[in-house]
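Chain nomenclature is as follows: A, B, C and D, assigned in order of appearance, with residue numbering initiated at 1 for each chain independently.
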Amino acid sequence: MSSEIFVWPFNLGLYFILIYSVVRSTVWFRNLSRPDKLRLQRGFFGIPFMQSIKEIFMESLLHRRIFKKNFVLGYMHMSLAFGWFLLIVFGTIEADFFGEKHLNPPSHAIFFRAFNPDHGAVGLARAYTHLMDFLLAFILSGLLLAVIKRFIPSMMGMKKTTKHTWSDRTALLSLWLIFPSRLLAESFTCGTYGSGGFLTGNLGAALASFLPAAEIAPWFWWLYSLALGTFFFLLPVTRYFHIPIELLLIFMRNSGITTGDKSSSYTEVQTHACSSCGVCIGVCQMSYAAGINDIQSAYFIKGLRSDRDIAAITANCLMCGRCEEACPVGIELGPMRLIERRQGERPDTAKRFLERYSLTGRRSTIERESTQSYGYLVREEAESADVLFFAGCMTHLTPSVISAMKKIMESAGVRYRFMDEQGGVCCGRPLMLAGRDREARELINHNSDIIWKSGARILVTSCPICYKIFRESYYLEARVMHHSEFINLLIEEGSLRLGYLHRKVVYHDPCELGRGSGIYEEPRAVISYVAELQAVPEEGTMSLCCGGSLGNLTLSSGKRALIAADAARSLTMSSPDELITACPLCKKTFGQATGTRVSDIAELVAAALPKPVKKSRGRPARVTTKSLNHG
Amino acid sequence: MKPEGKKRIWAEYQKEIPDDHFFYVRSCIRQTFFAGSEQVFLKIMRDDLGKDIFEDPRHTTCTGIGYHGDVVPFETIQTVVARHFSLATEAGYKNIAISCVTSFGIYTEILETWKHFPETLERTREDLLKATGRTFDVPETISHASDIIYKFRDEIARKARFNLSDISTGKPLKVVEHIGCHYSKMFPKYGVGGAEFPHVLIGMVESWGGDIIDYPERRHCCGFGFRQYLIQANRGYSLSASRKKFESMEPYRPDFIIANCPGCSMFMDRWQYTINEIDGITYGADGQGIPVLTYEEVAGLVLGYDPWELGLQYHNVQSLPLLKRMGIRVDPAKRFLAKDGSRLPEPVGLMNE
Amino acid sequence: MSVRQANRFGFGINQSRQINYDTSDRKVRDYVTLREPSFRLCFACGGCSATCTAGEHISFNLRRMITLIRRGEIDLLRDEVTRCMLCGKCMLVCPRGVNTRNVVAMTAEAIRKLDRNEL
Amino acid sequence: MKGASKHVIVAGGGVAGMEAAGSLAEMGYRVTLIEKGQDPGGHLLQWHALFPDRRPAEEVRGYLRKRLNHENISVITSTVVEKIRHHGHDVIVNLSGGTEERADAVIVATGFDLFDAHRKEEYGYGIYDNVITAAELEEMFSMGKVAKADGTLPSRVGFVHCVGSRDEKVSNNHCSKVCCVTAVKQAIEVRKMLPACEVFCFYMDMRMYGPYYEELYRESQEVHNINYIRGKVSEASVNISNRLVIKVEDTLAGRPLKMEVDLMVLMVGMEMSKQGAGLAVASGLETGVNRFLETGDHHYGNNVSRMKGVFYAGTCTAPMNITDTISHARAAVTETVRYLNGR
């Protein structure tokens, strides 16, 4: 019976996808860097492996994260993934247990009832049949939801859903056809033989009562096989490829592989692990506040997959990180986009074609000219200081923040040197966000030199943009602190005498400080110390972007204003006295977007200083040395 | 182009040019490089037009080149010019005829200065008296020699033996006119036709049967610019200014350039050779240079003077093809033969040979 | 031009400083305008140059750069455009809302493409 | 009605004169409007659309003309006021043609003349075929076709600002105020009529002082892609293909610039009208260094002359736009009425 010809579409599809997956995985593995290869090998034998298995079970099968976000959507995913998984597992057991022989080819389990039409009429087998029917019904319920989601996304609580390509549509159709055709195939077969469970048995009996079931059944077995085969064949070129690839991604991630700053096998795996679910679209402020609906991460990834010229998409992103935070697959979307920006323009189509189908499958980057861009910068003679204050370019446009910081540090008796008092050199982060690392490195070297020579042990900056790059890309001895952290430290040490301001304030997490650098608590602690901090709808990891982000190169000022206005509206819903932020760029952006007073955290603290500000009384360097001892 | 528009401007800028009795002052550059021009001008005035034109061999340079080269102060040049006026006064002349446009500019500048700052006139009188013991009257009229030819252009046309047309086709020659900057750009009222659309050379060319070409860089300086030329390192500026003019006139395929300023004539002539040497470029038809003629030379040709007597053999850009077109015959044997039969020096590097 | 001949005279022919709008090539302008339409809005106030971080160290002048791009005179910009640190201050001071940062980025890109004959 | 017997002569039937006459008539004064042309309307008669909103000029003309249809107003056309003098309490006005009129007060509203573009010889107006004035371009708009002298469509148009304004060389140091915004308005109209045509404005300063002027300027760049080059055009000439060649310094680039255009529009400014100047000399009315009529006080008396019973309205005192002219005329009426009531 296994030589039945109708199983061949399925068989071919299955073998194709198996071989393809093995070859693809091998190529990816070969292209991994040495350390990553070691990581992956180590990951296979040890705790990471168990973690991966657990994560696969929780995420790929049960879809826990989606469940948490949206129950119906979670159920839909779970029923399809977990249901199908169980159907295969139990089907295999059934075929093994009840079949003629053991270790059957996969087709035996999948088409079990076609080969054993009278199976499951009595006893344990009958109970098992009911179980199989239950699983099929479970899947079909999810399928129903999927169909509804496709046509009426709003019913599933989705604001936006991704657009499909033709291959996606064909694959989707075959996917949708798999389970109804199995149901009908099994039902007709069962109807003919009077077998089957509560679903297939009853439906089969009903159908057979007025239809020539025996003649119809093979047709549906054919359809079932074809649907499966088509789906497998199309898998590599559709979004559904994410199903197997996500497993690989989980293994790689749990082994400790990260995106890094160059495109690699890992970025390719991430690219293919995206399910185009559209969650990123829903959380994107550029979408719902500014009406831009073609640049979100799902489209970015899709562009990467199809190897189109996506320079415009790549550049047009605030890099706020909200989508990355929300991504159910856990793709590192920010670093992925930066890699693409770094890549610059793609080679022309012909070259791309060659590269795409070369064995390595890797895109070469266009070499940028290696001339120095900032050779004109003069290395300064650095004065030594314990604390170095770097205001940052943007802070120079908000002089009130600088004067507040000066007041605070003077009041606390901090001996500091103002590194860029006369206007310094950019930190390099904006260049990095534009994908120009080589140039950024020049600035990093310049600034590092000054910082090292100063001998400072704490580097305080008022700008989260600078903060992030100081922490991540500078090699410094000094401890890098954002001024909110530094003020918090001063308060904790008791070096700052502050009054209490009877103001209701809300706090806006700047993207680069919050999601970018994980600083959420210190600013809140500082604010709560001097004023009444109120909650806002979206804060912490899902806080909003002000819209002014330097991460976006192309967004127009008008669109930025829309985002700022929307974010400001959300932040000031409770009608606070003041909107507090900790970034000069956010301050400037919100300043134009809301009638509520916008202040930097330093200004708030400075306002809480006792007036008039007196010179510190005999507590000079104490603060800094103490903080360094335990810092 | 609306001719009536230009006529309207020409009618507005008409200056007084006397009929007779001129005191002639020569040009340093013209008498050195285009010696035939001044000679022929005097001949035309005296022989063809029957005018009284006097020159005093004691007159000197006006020192304009030194003045514009920042080595001669204004007080000095006023005194030098006052001395010329004194010579004219002594000879009983009230009308000055000036060969050089630089000098003409200096004279007009000085006269205007005296008009607006009478104390400078008094100071000059004192300076001249102290230096030379001379006194002078301020002349009644100041004419550039081209103004005078302009005034008598129709009389010259009546006596013409040749006109500015191609004898083989009968078509008028295409002529580019170039006015020296100091002729009227400083004081438009001293120039025939003003500064923007001077008529002085156009009037001659049209009277003598030629067609004038108005081209975009017509107003542009030839590039002499005194210090630009005097300092060797600056000559690149001078050269590029001339080139700009040549490039602008080139599409019109002019038959020749007529100029009223000795400096301009010289530079536009010599620079064509230099540009050709440096860049290998020529601006006339058939890879040739564009002949640059002074208005005296053109008047002389029209009146039938021998081109060798006019000194055309000493231009860098030779005019033989042009003369042929006009139907003027020359004797090649006499080209470098002086009147006394001796050989004249033969220049090298001539264009259009 | 032959150096030997130029030397014979001791001088050459100076190149014209004049912008000839009819012969200058405005591909870079078109490229930038298409990708950053706010480029049109600059009215040359100089605010960007006044606040410029790079401009404090060297003659990087976005105001002049924009003017030259508009006239198709990009030879001088080839080097200058790489001096920008993309810090974005200019964007915040621009009274006309020109996305100055992207203007610089697009100019650099356009010049790179121009030099590779891809424009 | 109070003052019904009082008679006011308004000299000049342009925007200011029409508004003044209309207002006075409404208040019950007998008004005689003296207009040198065949019809009242002044320069507005030649205008197609007005800045900053590009409304048809006809709308404002219509409003002003309607005001003249008042029984208290008599209009004398093809006549100019040659002299104003006092005779006791009366003001006597000499009209061309030798007649005299008596009035209780006179409002001088002789307006402005457009600068005669021939005087900027270097631009070649009247010599080169395609050099036109803003007024001539406005006529082209009225005809519905902007074309070169040979009838073909221009592919590049240049607007030259400050022709006859802010220029010592033509003895006008004053700014004519309306030309900048007129250029912007006309530039937009050219672009709208000829979308393939490039448009350039050559300016020294963009003086967008009125409401919505700056917005129009911005729109011209953002929407209509008008190009602005800061520099005073020094000269124009034609090349062999009969295209105009403009020379200017691009002062922002610090480089001289040369550009070919098909049509060069001279934004001619405002000057004291010849007729007004003649009247001032004949009547002993004072004029300022800008040759416009000198008012009693630059701040609070700029409708008042130094001759009793003679008042000024509109651009005979200084360049102004239509809005300001109408306001100025209304203020002149207030001053006149105050004078007549106090007499």
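Rule of thumb we're sticking to: a contact is a pair of C-beta atoms (placed from the backbone, for glycine too) under 8 Å apart; a residue touches a chain by one contact, two chains touch by 3 or more.
Just so it is clear, the structure is predicted and the values come from calculations on it, not from any experiment.
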Ask   = Can you list every chain that touches chain A and also touches chain C?
value = none
Note = Maximum distance between Cα centroids and chain C occurs for chain B
Ask   = CA centre of chain B versus CA centre of chain C: separation in Å?
value = 45
Ask   = CA centre of chain A versus CA centre of chain D: separation in Å?
value = 65
Inquiry  = Suppose each chain is reduced to the average of its Cα coordinates; what separation in Å results between chain C and chain D?
reply    = 40
Task = Report, in whole Å, the distance between the mean C-alpha point of chain A and the mean C-alpha point of chain B.
result = 83
Query = When you check chain C against every other chain, which residues touch at least two of them?
reply = 37
Inquiry  = Once the touch criterion is applied, which pairs of chains come out as touching?
reply    = A-C, B-C, B-D, C-D
Inquiry  = Quick check on the complex: what are the chain D residues that touch chain B?
reply    = 118, 121-122, 124-129, 235, 237-240, 242, 245
Ask   = What residues on chain A touch chain C, complex-wise?
value = 312, 315, 345, 371, 373-374, 376-378, 393-394, 396-397, 423-426, 428, 430-431, 434, 436, 439, 443, 548, 550, 553-558, 585, 588
Key: Residues of chain C that touch chain A when the two form their complex   = 35-38, 51, 53-54, 56-58, 82-83, 85-89, 91-93, 97, 99, 101-102, 105, 109, 112-113
Parts of chain C lying in touch with chain B, wherever the complex brings them together = 1-2, 5-6, 8-16
Key: Complex contacts: residues of chain C adjacent to chain D   = 17-22, 37, 40-41, 43-44, 63-64, 67-68, 70-71, 73, 96
